[in-house]
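The same subunit A turns up in both complexes below, where it pairs with subunit B and then with subunit C.
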Partner chain A sequence: MSEIENKTEHGSMDGAKECAAGDPKNDTGLGLGVIFFILAFLICFLSGWLLFPKLLYSKHEQPFNFDHALHVQETGDCESCHFLREDGTFSGIPKTESCLDCHTDEPMGETEDEAIFAAEYVAKQREVPWYVYAKQPDCVYFSHAAHIKAAGMDCVTCHGHIGESTSSRPYEENRLTGYSRDIWGNNIWGITKNPWDSMKMDDCAVCHEKETGHKGYCFQCHK
Partner chain B sequence: MKVDRRSFLGLGLGAVAGIAISPVGAKLTDDSSIWTQNWPWTPVPPDGKITYGQSVCTLCPGTCGINVRKIDGRPVKIEGQDTYPVNNGGACLHGIAGLQYLYDPCRVKTPLKKNNGRFEPISWEEAITLVAGRLGKIRENQRPDSLACITDTNLGSVPGLFSHFMTAFGSPNHFTMQTLESWLTQTAQTLHGSGHTLGFDLDNADFILSFGAGIIEGWGSPVACFKANSGRMQRGAKFYQIEPRLSNTAATADKWIPIHPGTEADLAMAMCGILLQENLFDPEFAAGFRGGLNRFNAMVQQKYPVDQVAAITGISAADIKKTAIAFAKAKMPVAVPGKGRGDGAQSLKEFAAIHTLNCLTGNINKKGGTFVKPVPGYLAFPDPVQDAVARDGAAQEKLAGSAQELVTKIHQSDAPVVDTLFVYSANPCYSLNDPMQTRAAFEKIPFVVNFTSFMDETALASDVILPISTFLERFEDVPSKAGFAGLVVGLAQPVVDPVFDTRSPGDALIHLAKTLGGTMGDSFDWPDYKTCLKSLVPGIWNDLSKSGYAVVSQGPPAGRVRTDFAFLAENPSTIQPQGDADLTLVPIDDMRVASTAPASSPFAIKTVSDRVIKNRDMFVEINPKTANGLKDGGFVTVTTPAGSAKVRLNFNEGIMPGVIGMVKGLGHTFDNRYVAGKGVNVHELISPVIEPGSGLDAAFGVKASISKA
Partner chain C sequence: MQDKKAHKFGMVIDLDKCTGCGSCTVSCMAENNIPFKEDESDKKDSITWMRVYKLTNGKSFPDTQTAYLPRPCQHCGGKGDHGHSPCVSVCPATATDYGYDTGIVSQIYTRCFGCRYCMVSCPYHARYFNWWDPVWPEGMEKYLSPNVSPRMRGVVEKCSFCYHRYQLAREQAYYNETDEIPEDAYQTACTTACPAGAIIFGDLNNPSHRVHQIVKPDPHPDPLNHDVVGKSRNPKVFRLLERLGTNPKVYYMSEKEWIRKVGDSYLDGEWDKMKNHHGSASHD
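Now for the complex of A and B:
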């Protein structure tokens, strides 16, 4: 038997001995390994759940606070501001010009937010650089008209109860993809309870399958 | 306790296990795949409200109506306008790439003044004052005729304003570049008297005999011609193409008749002889013949016998006869002159001889025929106000018959011929034959003012540059031209605010005239160009402003046409290519390459075949039989009396042996990495040959030799 074989055999025997239960001489090594395992596990597990989402998303405050509830109360519905244009395209976030249907450069109320809007945007004829929570990437073609008009869907089905909010929550942007956090959903595992909890392709497919019997074809949205 | 290998193993396993049952893996996998589908450096155009702006493309004489798609006011796409009577919804590659001209790297962004060979930005006020000061001195010296002007065309209110300016100033020296329209007008004037031009009803003709006209390669109004060619195939009209090369047009024709370059006039003369000899001309139309039909007949029978012409042209006598008879016997025959795009150097003799074929058939001013129509007269310019100095100046003899002749004269003369030159929408330092000579002539002109949107070769040779808004940024009336049968006037309108500190050329001229004051100010008594335009087109302004165009004439013009044979009866000589080498080099018009101003867009250049230009190397087409052992793709030097160039060979069995061809519109030398520095400018290999009588450049080609480089 060569020296190497001797060593190997010896080594493997050592390993067997170390792994054997009830050998008090080796208990500390194993115990330390377990402690290290548990420590690393806990750190990584907790980081993955708690720290990772914080690192993955950057937070941005909206230019000023917007009270959806107040505006819905004043205008009566969502369509007053978020409407379909004559050619069927969707207006999305209203331009300052649309706001001027009601507003002037003199604030109508007394909130600080409206004062910012009047002074910084109306008076200076600038567009408000809103962060759009529901913004889909450029590779997705989405027709609001097909969903609102043809399918008769309600805004809430996809956008949730944003119309009832009285303040603008911070916009969270995925540092890697540049997507809004609302697309994946707030739950880091992607678990959702309501249809508006996330806006990924699978969410579209779930509803399409349910309503039309088919998930849809690639080119319907990716043109 | 000892930290050993197993501790680290525990640490690693713990970390892996911890991560594995945290969302990190799943989420990062998803995000990574999304990241690769949406590269963050790929620009994403912002979304917004879609609107359309209506205008007319002025990139070529085609004058197509366009719709510009805009997102929140930002133009993003050019489409053909469905209802526009010229292009009926179609658009060519240059038109759809038109937005690139807005942001072209060569755009002149602000007025410029040359100082010790370098351009310095100045304000509009400074630039106008500078030019007005120079013009003031010319008038003080009582030499207003030493102001000359070169514009791309003389049609429409903007060239009209330049003409108005020149007359009010007191100079007869307004020249236009050679265009298909200028050739047709000169032909019509020679045969039918002044005030006429020609149009061709290709949509309805049943036999089109084209003498090299690139019907699908940019001749006339390109999109209208594409449509006419498609329509021809559907209704079964015959189309014969006579040219030395199997061009795309020849390939779509019913018959391609190869001909020795430069002998088209002789062929047309011989065909006229056959028609007269065989009594195949229209006696009714012949009643309007004037000025020596008999002399013409005797001359063609004597000088252009078919056998002799067969030897000159390389077409068999039988073919010449058969083609002439088939043409004469067709119900609605049209003979089309103008090689390639029709705007290059050719001869008046050739145009006149070809059009005489139309006159002999009598298919003039009839559906499916050739229209002898009045030159557009929809503009009501007031008489310019002239003082004594201006009257004396305007009465002087015009310096030359064409821009090419003017440049040649300046180049050859020791004494100063022109003190100040205006250039508008033209690039003579590139597109005239022998541009080196043109540039040398420009250096001899003390003061060159260029009204241009782009820093091209001529702009670089200018002293003051007044930056002009592009067709997407300004108003202008745009009349149809270049052989289009009817007369449609379109209104180019600003679809976007000027991107840079540019102005409409009309506004620049009005500003200049007002700064000069006196009779010049009186002659330009408009507050701005838009008001001026409105007052110049009182009859059609309503149509222009409502629908964006006005149809001034449609269908065959009324009235009898007289035809004067005096010019051809004298048998003007056929211009021979210069040099005595074996090969004949001819320029080729390629639809994908713009050959005049403005230069091609980057998009258009990207579409050019790599058998025309590959990287920076230019190809010359040659028949393998003529190649004498040289290899396809190999480098050669083409030498002509005007110069030489290193190019690569492109073997093409579709070009006649003995003929070589190079595409026009390449080899620009200005600072634009997308368009310039690619290939050779074929004009550099050809010297101008002024046709006696017409004053026009007739150097359609040149003798050349090739040798291995």
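Now for the complex of A and C:
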């Protein structure tokens, strides 16, 4: 008998054994397989949707806590600190200098946060390295003037009720892209109820299409 | 789209004034965060949104003449000026599109995946590929303009007519609550840098702008070739490869006939026929 024939014979015999022994055992094998599949699916699914977002974002605490509600109460509105400059650009995060319109290097209140601000930033004449929740990627151009002046929108429409917050939540940064979590939004499914739940290109496009009838050309929002 | 009527930004370059000094190229690179290479003479690697070409009339001394031709992106309107620019119509990623409100061919660098089809389709070689990530000497990155996003390896880039300056001009207009963008509020970096004043930039749709007054664009299609729209009614003004129907928004101007002839490829005797059709007199 040649080697090949030997192998074929063994091969066919193995096959026959499996077939003969397989019938009663196969059912439990299938059942186990299904359970294994469901378990594996659940593990992968849950880790993908629950664990992965936790791993994807790193948390940073702000340099110190900022009480928006208190400041709105004292100054009256958002524009006292976040205003359009005369050339149409937006001031965004105020410089320490504009805080000094009211503050001095002596704390006005008794909070620990203000003490940090006065000692670390006012006294040392430094800017506060705030993490900006709404910071868009570098390639994005956004005109506050267009939305405030031309479209007549108010801050709350896009930024939500941030003026009512009394504490600064941690800033979450996407480890892969370096973008703020607010861009994608907290909901990993991408479901949003309010405009401020996410700030992706599609979110801009949806509103632009509704309000202006056109999504806009590349350079309208890119630079 | 906030603007009531569409702009059509364009440029006229007076080749008789251009000295080939290269200020436009330098200012463009500084303005638009264009990375420079260790060996800028390697034209396969170097990126020049605004490139100056040397033209000669091919005659020997004492009849030899030289001119320089700065070439930004031509911001083609495409056949019939409907916005089907060569590059825009081939982009599989929709990373480049035609702004009907400005006539500017715009681009999202982060959307481009680097297939370089647009570079192949561009008849003017105005597009450049980033073979490497940009690197600036230490400390020099502080001089980068925050208004222009630097490009990364693997994407195509090109002249944007300094669109960020338009964005700034428009923000100012929004602040002043007007639709008008004055001619001097939006000028490209090369225009403002040219020491000879050879580059003139403005809105081709606005009769009060200098470009419109010089070019006098014909609103009707060319009777010989219906794809060509916006042909200049100034006999001294021409566009590059005009008969392709790409409808560039960059016009060139020269008194010299041989320079105007270099703007396109002509068969033997074809130029004389074309010339007679235009009725343009020889100035040589």
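List of remarks:
Here is the rule we use: the second predicted complex is superposed on the first by the 200 of 223 C-alpha atoms of A that agree within 3 Å, B and C clash if a C-alpha of one lies under 4 Å from a C-alpha of the other, contacts with A are read in each partner's own complex, and residues count from 1 in each chain.
Methods note: contacts are C-beta pairs under 8 Å (C-beta built on N, C-alpha and C of every residue); 3 or more make two chains touch, one makes a residue touch a chain.
Keep in mind it's a predicted model, so treat the numbers as computed, not measured.
In the superposition on chain A, contact of A:Lys210 is made with neither subunit B nor subunit C. By the touch criterion stated above, A:Asp138 is placed in contact with subunit B and with subunit C alike.
Residue contacts after overlaying the shared chain place A:Arg169 against neither subunit B nor subunit C. Applying the stated contact rule after C-alpha superposition, one finds that A:Arg126 touches neither subunit B nor subunit C. By the touch criterion stated above, A:Leu32 is placed in contact with subunit B alone, subunit C being left untouched. With both structures placed on the common chain, the touch criterion links A:Leu84 to subunit C but leaves subunit B unconnected.
Contact with subunit B, but none with subunit C, is seen for A:Trp189 once the two complexes are overlaid on the shared chain. When the two structures are aligned on the shared chain, A:Lys54 is found in touch with neither subunit B nor subunit C. When the two complexes are overlaid on their common chain A, residue A:Gln220 makes contact with subunit C while staying clear of subunit B. Touching more residues of subunit A than its counterpart among subunit B and subunit C is B. Touching of subunit A by both subunit B and subunit C, each in its own complex, is seen for residues 87, 89, 137-139. Contacts from subunit B toward subunit A in the complex involve residues 1-4, 6-19, 21-24, 26-28, 30-32, 34-35, 37-38, 40, 44-45, 47, 49-50. Subunit A contributes residues 18, 28-49, 52-53, 56, 85, 87, 89, 91-92, 137-139, 174, 176-179, 184, 188-190 to its touches with subunit B in the complex.
Remark: subunit A residues 84, 86-89, 137-139, 141, 143, 145-146, 149-150, 212-214, 216-220, 222-223 touch subunit C in the complex. Subunit C meets subunit A in the complex at residues 1-2, 95-102, 104, 106-111, 147-150, 160, 163-164, 167-168, 170-177.
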